[in-house]
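Same chain, two partners: subunit A is paired with subunit B first, then with subunit C.
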Partner chain A sequence: MSLPSWLIAAPQAAPLPPPAGRAAHSFLARSLPGAAEALRRDLFSGQIASRPGFLQRLDPRVKALVGLAFLVAAGLAGHPLTLGVLCLAAPLLALASRVPLGAFAARVYLTVPAFTAILVAPATTNWVRAGTDALVIARFSGPLHLGPLTLPDHLSLTTQGLASAGTLLTRVTASVSIAALFILTTRWTRALGAFRQLRVPALLVAVLGMAYRYLFLLLTTATDMVAARRSRTVAPTTRRSGRREGRRFAGLAAGALLTKAHRLSEDVSLAMISRGFDGDFRAIPEPALRAGNWIALVAGLALAAGVVGGDRLLG
Partner chain B sequence: MHIPDGYLSPATCAVAGGLALPAVRSALHRARKSVGPRRVSLLALGAAFSFLIMMFNLPVPGGTSAHAVGAVAVAIALGPASAVVCITVALVIQALVFADGGILALGANILNMAVAMPLVGWGVYRLIAGGGEPSSRRRVAAAAAGGYAGINIAALLTGFEIGIQPLLFHTASGRALYSPYDLGQALPAMIVSHLTVAGFAEAAVTGLMIAYLLKANPALLDSTTPHKAPRLAAALPGRKLRTAFVGLGLLLVLTPIGLITTATAYGEGSAKDIAGEIGYAPKGIASAEKSIPRSPLADYALPGLPPVAGYLLSGALGAGLVAAGIAMPHWLRRRTRGTGPGARGDQTCS
Partner chain C sequence: MIASLDDAAVLEVDRATYRYAGRFCALQDVSLAVRPGESLALLGANGSGKSTLLKVLDGLLPLDSGTLRAFGREVTPDLLEDAAFGPAFRRRVGFVFQDADVQVFSPTVFEEVAFGPLQLGIAGADLDERVHSALGLLGAEALVDRTPYELSGGEKKRVALASVLVLAPEVLLLDEPLEGLDPRARRMLLRLLEDLRRAGRTVVFASHDLAGVTDLATRAAVFGEDHRILAEGEPKDLVSDCALLARANLE
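Let's turn to the complex of A and B:
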């Protein structure tokens, strides 16, 4: 006797029918893939952190302190040349640390600098920031009156506006690059250990570590909640009612998620106490800094100070 | 709302960090003292929850989207000190791992979203929810109002921090060294968008979350039920004085608006101002100016500080003196009666 083929075949999960029209792109459905992508990127950065590269060999405490010094240097520098050098040095350091340039570029250039470029664009015009005309875009017969606003009789890009935008863009790019180099080349657990050694309060570090771990679990729970709702949505909604319902669902789902998080925290705390947790935080002590790391620390801090000093000399 | 690195000067970041740090330390201390071992997991899950809430973009009219912060909802559910810790941790993870908000600017972001927002929102919630046993509807409305007020105060602070940059930090040629938008541009941009759009999104999320918790998990809110934990109401002076403090606080946060205008207030100009207006300075005013000793904070300026910083510090100092003047008799009366309230503790739920 043989079983029928339909019974032998592995069951296949029926895919959810794609909702019709714009409902297919509901805001939660858009947000969650973004979160999943962030998760994937984070896992990928864990692989990069374990590669044998220049920055990976440095102690996380040294990287944290030198990184902070360079962030301050990038904040204090004002000359375009200084900021430009910092922007160019970052990808070279990424290459030396075996960080794929694609991953580095995606993490640095496509995020905050791209957003900043859009945000700062209006400030390059004389309508937003008065200054010397660098390029006249349009001339009008007279000043424009828009309600209480009176705009100049021409629209132009100003020297001051362009210089301000360039300064902000390079400064933002340099800062984001420094932060990216640290996190891409440092395992999260080692970064937390470094923070603890650098006298960040133990409770804060413990909460930071646990929150990071449970972030992924809560994200999965949220994804499941959205999928469950989609699987129960049978009637297509109009664009307007869909938005209203979407907002309502987001608020109520957030309440449900908080309840789930609270219950989970109870379970976790019971498990922690059962394993002997008494409220005191004990971290595995990081080994003392070796000579090479001391040299890297002093050299890094001196270089950051040199960047600021050089910038002052440039004026 | 998350300020990236590069938009604020290191000096601004240091001042904001200096203001945020004691608040976070105090919140950590209270959180640790209040529950003990169980607190860690609750704070961690609260932080992870806050992080996720900030990832969800809500559709708003006009085709754009805004994200909620959820700080006030967390403050109502877990207590204000816990909310400060949770949102701080969420912001640290966002800045370090996801480059959402700067690392140097972390102090400013914590001050805006992890300290001011939950505390102001929670205060508004408690004021509206009252000290009795309010109905669920009133608590939901109070939560929504708290969310609206909280995100708007955070937006106001963000706009102020960004807006003072070109006033304080620029080159002689007019090149802005940090954010190029001044107070007259940054403040309206932040305030209007949050008063009209993002504020309502935050209010909706906060209100709906509390509505859900009241229905599905009222135990979670029990510890913050006003009639069970009326410590804020007890600690504050009477209703009239409370209203005065709220009004004073509102005026204080609106102080930077005075920087937008450069004109002299009518009837308050110096002899020089009057000479500029009408061509000469009346003798009486000129001689009076010479004979009357000058105030140490004349023209709302502090010696050695830039005019803008001096103006803001003068405002804060004046408001602090007024607040102290209002509170001192009340405090002395309570002290002599021996009925002063004890230290305010965190409202906890575990």
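Let's turn to the complex of A and C:
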């Protein structure tokens, strides 16, 4: 076989062009590195879970049960002091468990409470919930009529609305903190074992484990696809054509990934059958709880009950 | 019931045809017998049907036409669902997939290797000992607590092999077993497969890489790109037949 003339021609030694501003990249190309970062963070949380800290020493089953009890307590508590104590206790527990406060804050404070605040913001106004004005935002010449609705002649934040929003926000923060502490201080594999022991169906736990495993595999494939496309993007793109091509590529990549995921699932199923899987999943039994963990379990449950009792006393 | 071509065969296909999605031919009229204790190499270019034949021999793909026999019995999809035959067949025939990611699906290496024995009712100290021993055979003891995404491609391959070897199968089916292994792991695996063959195990492996085949295989079958078997015989005779290798797109 002889090389075609276009391949034989010596490459022109042209100088590289000067920088012309950032090239436009598709939504997919911009989002996948973020997903890869999430993957890296997850691997990092596995390292945190291996550190010799307070919560890491507890059996995952104890942590799961006590965590669940505290989630219920946070759900039942209504006094700001109780919820505030729960919110403050979480970072202290994180410190005692050698969890970097940055990793803890990134999971707890930066996302979920912010989204909750956006959701509850309308309920803090007198347009959604009538109450005593705490801060008047705007006054109008008279009541506003929006179709069948009649709104007051001013827009304000109400004391009652702010109090309810504050309670909900601290409750969400406390609940997310408890969940984050469990996730950060428990290896995923041990958490799965704990779920099995706590009577979550073994097959469901296995599916959870596999979903986690293959999500990463497909994410890596998607990241590689984007990188492969970028490495062959040799013509300059305008913002508009880049977006159009990006959407087209995203559609094609999603289709290719779906096909790959389908093929993968079929092969995984065959690999399981080949090794004797008959639909009845058998898992490795977890060892019995030691005395220290029983004490921690009782103490943890008593503390959670104490939180609820204390909240009732505070009124 | 169709009479066996070879009474001594542990696994045997007769005029086997298989099409993916009922359209794309992967095996065409293939007849082959696997004899006990032999090391049989399936040679062929990519897409010639080697992997499909291994899956058929493991009872994972139902044939469109032709028959599969195992240990003297005709194997049908219904028989593989049988409460007695199915587990017994799985215990006696092990299959290592080409793509280790397919096979390493459990959260940790220990659980991965333990998956098969657990399905077969092995538990407790026996399970622990068996898993560590299987990993030791492949020099992978240090990986026991790792998660799959903490493994390199070669390490995943070794874990996949251990997860099948742990069942001590009588017949070991391997799809491209040397692919992705570094030279040391490759030498270790070749030595292990040779030891298994000497211990009386039957090994069937698919490969498009002729290097190492003559050392490992006692017999070989060459697949053509038309998904039929072009030739069977002594490995050294087949790999030195330039015309045959050219026809099979292996030269």
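The working rule: the second predicted complex is superposed on the first by the 244 of 315 C-alpha atoms of A that agree within 3 Å, B and C clash if a C-alpha of one lies under 4 Å from a C-alpha of the other, contacts with A are read in each partner's own complex, and residues count from 1 in each chain.
The working rule: contacts are C-beta pairs under 8 Å (C-beta built on N, C-alpha and C of every residue); 3 or more make two chains touch, one makes a residue touch a chain.
Values in this document were obtained by computation on a predicted structure and should not be read as measured data.
A.B. asks: Applying the document's definition of touch, where does A:A299 land relative to subunit B and subunit C: first, second, both, or neither?
C.D. replies: neither
A.B. asks: Considering only the touch criterion stated at the top, classify A:W188 as touching first (subunit B), second (subunit C), both, or neither.
C.D. replies: Both partners.
A.B. asks: With both structures placed on chain A, which of the two partners, subunit B or subunit C, ends up touching more residues of subunit A?
C.D. replies: Partner with more touched residues of subunit A: B.
A.B. asks: Should A:L264 be classified as contacting the first partner (subunit B), the second (subunit C), both, or neither?
C.D. replies: After superposition on chain A, A:L264 lies in contact with both partners, subunit B and subunit C.
A.B. asks: Now for A:M210: first (subunit B), second (subunit C), both, or neither, which partner does it touch?
C.D. replies: So A:M210 meets both subunit B and subunit C here.
A.B. asks: Examine A:D278 and indicate which partner it touches, taking first as subunit B and second as subunit C; both and neither are also allowed.
C.D. replies: A:D278 sits against subunit B and subunit C alike.
A.B. asks: Which parts of subunit A are in contact with subunit B and also with subunit C?
C.D. replies: Touching subunit B and subunit C on subunit A: residues 188, 209-210, 212-214, 217, 264, 268, 272-273, 277-278.
A.B. asks: Sort out for me which residues of subunit A touch subunit B in the complex.
C.D. replies: For this pair, the touching residues of subunit A are 27-28, 30-31, 34-35, 38, 42, 68, 71-72, 74-76, 78, 107-108, 111-112, 116, 120, 123, 128-129, 131, 159-161, 163-165, 167-168, 171-172, 174-176, 179-180, 182-183, 188, 191, 201, 203-204, 206-215, 217-219, 222, 243, 246-248, 250-252, 254-259, 261-262, 264-266, 268-269, 272-273, 277-279.
A.B. asks: For the complex, give me every residue of subunit C touching subunit A.
C.D. replies: For subunit C paired with subunit A, touching residues are 55, 58, 60, 86-87, 90-91, 94-95, 97, 99, 101-103, 105-108, 110-111, 114-116, 118-121, 123, 127, 147-150, 163-164, 167.
A.B. asks: Give every residue of subunit A touching subunit C within the complex, in rising order.
C.D. replies: Checking each residue of subunit A against subunit C gives 43, 46, 188-189, 192, 209-210, 212-214, 216-217, 264, 267-268, 270-278, 282-285.
A.B. asks: Would you tell me which residues of subunit B are touching subunit A in their complex?
C.D. replies: Contacts found on subunit B: 4-7, 9-10, 13, 24-25, 28, 31-32, 36-38, 40-49, 51-53, 55-59, 65, 68, 70, 73-74, 77, 85, 88-90, 92-93, 95-99, 102-104, 166, 171, 173-181, 185, 201, 204-213, 216-217, 220, 349-350.
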